[in-house]
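Sharing a structure here in structure tokens format.
Each chain gets a letter, A, B and C, in the order it is written, and its residues are counted from 1.
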Amino acid sequence: MNILVCFKTVPDLEMLDDQDWVIDKNHQIDTSFLKPSLDIYDESALEIALTLLDASEKVKVPIELNALTIDGPGATPVLKTLKALRFKRVVRIDSQDDLRFKPRAIASVLTQYVRKQAPQDVLLLGRQTSVSENAKTHLLTAEMLGWPCITQVAGIELVDRSHLTVTSQVDEAWLQQRIQTPCVLSVGDAPNTYMRVPTLKDRMHHGKRPVETLSIGDFQLPEETEKLIDLEVTRHARPGILIQGETPEKKARKLYEVYLKERLQLL
Amino acid sequence: MPLKREQIVESLKNIVGENHVVTDEQVLKESSVDRFRRFEAYHGVYRLPLPAAVVYVNSTDDVAAVIKFANQNTINVVPRTGHSATEGGLETALENSVVVDASGMNQILDIDTYNMQATVQCGASLQELDDRLREQGYTTGHSPQSKPLAQLGGLVATRSIGQFSTLYGGIEDMVVGLEAVFPDGGITRIKNVPRRAAGPDIRHVIIGNEGMLCFITEVTVKIFRYFPENNQFLGYTLDNMKTGFEILREVMVNGYRPSVARLYDPEDGSYHFSHFAENKCVLIFVAEGVKPIADATATAIEDIVARYDECVKVDPRLIEKWFAHLNWDPANLAAEKAEIMETRNVCNTTEISAAWGLINDIYEVCMQRVRNEIPDLTLLGGHSSHSYLNGTNLYFVYFYNVVDCKPEEELTKYHLAIKKIIVEETIKAGGSMCHHHGVGKHRTHWIEQEYGSSYYILRKLKSAFDPNNIMNMGTIIPLEK
Amino acid sequence: MIFKGILNGCSTNIASQAEELNAFIGQHLRSVDTTGSTIIFYSREDQKNALLGLTPTASVQLVRITRYQPENILEAIKTLEKEDRTELYVFPSGFEGSEIAVRLAFRLKGSSLVQVKQIQCSNEKLIAKKAVYASHVLASFQLTKKPYCVSLAKGGTDSQPIVKQDRMTVTELDMTHLHQDRFIKDSQSTPFKPARDLTRARFLVIGGNGIHSHENTQKLQRIAESIGADFGVSRPVAMHVWAPMHRLIGVSGAMTKADICLVAGVSGAAAFYAGIEKSKFIVAINKDIRAPIVKSADVAIIDDYKAVMNELYRIFHENKDTRFGEENETF
């Protein structure tokens, strides 16, 4: 079973101070000086894929894990880590274009890659990235490939060469579905899915193999059906009054007497 | 006849009042350790004897009364303020110890901007003191990574050092005077003078004693004028650690004092700087102070580095941003615990120092041995962060997966095994095994080798000031078998 | 503008979906020339009557299905769109609606945008706004191709209770025969243990990563409930499984608008804060004065949350404001 995890590295936006949130005339916010890391949902997707690789020996289903990102060279350290974690093909499609709000283009590139270069049985993606929050790439990719799509995935189990049991969150319940591949699976909030860390020995054995690099120019990019017009920073200032007191108990009492008592009576 | 636990607790309650003596089991467990044993502690494993009680003291007189009582009854006392120690210094090595916590003595007593000093109680928060000073245009100049948590008593007791030490010095350069309680209950005060030659500098008996000679109750530190608007950040990538050490040396021996002068190796560097330094060493400088000095320092450093072709300059904002988020804060630590529990991947460190002529060789031999001899490593690297006229430190950083190993076996299998290699190679080469974290309880095994013949002085200090062996036993000097 | 609202009648929160859609229509789609209708999917015969009371438009299509399965729903909507005239599809907030919106737009060769907070529409173009950059930034997009398919942002619009329509045009259809879900061999659903709807909580206590453990989370929950508050958590707490996912507050969980919101041990990342920003009064309890939540709260206590919550518990007990729990719930 060929599983392709598509991921994105993003800057840690919580490291930006108030004065760093500045939008330039190209609708860009400068985050170049922040260290990129895996987007949280993509990290879960990668770890879930690795648990499938762990299971493949027990269930006797051969699995090939592949990973792909569309990004500049800054993604290379993560790609090397994935190599060290036994991802077989690790691909970077080099792009310096602003693809933040172009999910159609990204979905199309993924579709062309899967159709023409590296057939897969399962596509695994995180639900959305913290920067663009499109939450569309997995859906458009499924539509373009003509594959079914399950969202809000929290866990996957291997059944056999062409079947998986997928656990996903629907509004009021956990849904478990045994499905036949191919399928696009989009990972949401999945508990206990911090990605494992490769050992130095793994890095030395596997991490040094080259990462495949392609160019975005090798792909056809469709027009987007939504156009970005404007970005505006949202600010949430409230008074932030610090309650003083010698002990936490005194502060708590002040909180109650001065701020909570009357408000509670109105409830 | 040693007192029973209940008698100890009862007596303590009579001395400081019932409300200040805590015997809650979870508190006792957490008070038997510090960050050294955090992996097993996170798993709820506490192997050391639980203290009889944790006593929260509010005054020097409290401290004196408690210590006097302990001295009369041969009870082991562990002095504590911020609880951020990393080397086991706060571990309760003996049965029925008493942890004396002075974090409630947190007052900033005086800020004197004419005589350039600030006086605080031992439980005063460094972050709070520095924030207060910065509001007025001053700083302590002391910024260890534990700054948001650490308190002045512990910072002095461990001979701590901060990120800006290359300009401001270590804590030993910052202490003006202090007050401490000795085991006999005596309160001694060393007055605040700029310098004197009135016998040996007795402050140095207290600074760095790690609680095994006395209990520090009040500290006066120098304060410095603070000009953050003049800060200049410089960063470079380069290929070789050896070149990096040479550049650091050039900067130091020519008399320049950047507040920060750091050299990261590719592994440690990749952890922090992978976005601009893949597989490269990283050099970082910060020049600080009044404008003419900050500018001249930055210009001079740029000139020095420019002589080395392999150095490539990076965007200063990268360095500035990285620095702004370096310190531990409660959110980081909460995240660390959860991540360790889920990934079973732990980070620890060992810091050493040595002369310029020795440091690169020590770096190379330690890296090679640790890489070959220790299993399950996921990262092994190091950086130099405190340079001097005649040498520098090395901070070895290592992450490992805890594999097939109970929580209580983690230290032996990994951390202590790594520490042993680094300590032994460093001492063999002629360096020091402890640059700034303190000996704690886990490098005591090598303390005689560290001191050589001068161990005599250390031993005498202990026997003179703590004849009944009640002060933080097992720290610096190992317990007698 | 001809629009259609799509409601999932199989969901237990159909009423809030309907009110949300109703509010959205009221705010954005009454001032221009609009004709609207609603499609309500349902799976049980006994639901029908109740659903008729939940339509925000006079014209409604009640469509029977086996279960709310995306591939079948898409096929159903496409089939119903025979005359190809709908210009705008509006889906309620929640993942299910967002998913269908995007895929439907693709199939009908239109545009889509999910988690939309506001729209401005004229006959020729539609501009929609949504949160990006982890809720730090508001982005405006022009949707260029009809039909426009949008899903609403959680907590984005206020709800507007439905007033039963006087004259309704109701069409009933049966699409239980649709079988686009052949790739699913079998399925099983385990409902969450029902929690009170946090989006309606008026007094809320929220625990964050600074609580440190499963045990502390449970303790905080017990204290919260004993002082009459609902209990929620930030993402790290749910991800560590210290609390179940349905207590999650924030953009991927519940978007709340409490009168009083007490937040303990939460740093206050924007994606979390979006889940409480509509609160009337926010109290932050955090050891770190630098935590972003402190500047975004009305008042803050910089101290250990355990001691503060213990004292609040005692105060509530003194004043007999405790709703339930006689035993000592303190830390």
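Assume a contact is a pair of C-beta atoms (placed from the backbone, for glycine too) under 8 Å apart; a residue touches a chain by one contact, two chains touch by 3 or more.
Computed from a prediction, not measured in an experiment: that's the story for all the values here.
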Exercise. Looking at which chains touch, is this a line, ring, star, complete or other?
Worked result: complete
Problem set entry | Central subunit by CA centre of mass proxy | A
For this session: Sort out for me whether B-C or A-C is joined by the greater number of C-beta contact pairs.
Result: A-C
Exercise. Can you give the whole-Å distance between the Cα centres of chain A and chain B?
Worked result: 38
Exercise. With chain centres defined as C-alpha means, what is the inter-centre distance between chain A and chain C in Å?
Worked result: 21
Seminar exercise, completed: Rounded to the nearest Å, the gap separating the Cα centres of chain B and chain C is 48
Exercise. Of all the residues in chain C, which ones touch at least 2 other chains?
Worked result: 240, 267
Exercise. Chain B: which residues touch two or more other chains?
Worked result: 342
Exercise. For chain A, which residues are shared contacts with two or more other chains?
Worked result: 192
Problem set entry | chain C - residues contacting chain A, complex | 8, 11-13, 68, 70-71, 94-96, 98-99, 102-103, 105-107, 110-115, 127, 130-145, 181, 183-192, 202-203, 228, 235, 238-241, 245, 248, 252-253, 259-260, 267, 269-271, 273, 277, 280-283, 289, 292, 294-304, 307-312, 315, 321
Exercise. Across the complex, what residues on chain A touch chain B?
Worked result: 15, 17, 32-36, 74, 76-77, 192, 194-201
Problem set entry | Contact set on chain A toward chain C in their complex | 13-14, 16, 21, 23, 29, 101, 127, 130-136, 139-140, 142-144, 148-149, 151-152, 163, 169-180, 183, 188-193, 225-234, 236-243, 247-249, 251-253, 255-256, 259-260, 263-264, 266-267
Exercise. Which of the residues in chain C come into contact with chain B in the complex?
Worked result: 209-212, 236, 240, 265, 267, 286-288, 290-291
For this session: Show which residues of chain B lie in contact with chain A when the two form their complex.
Result: 270, 272-275, 278, 315, 317-318, 320-322, 324-325, 339, 342-343, 345, 371, 376-380, 399, 401
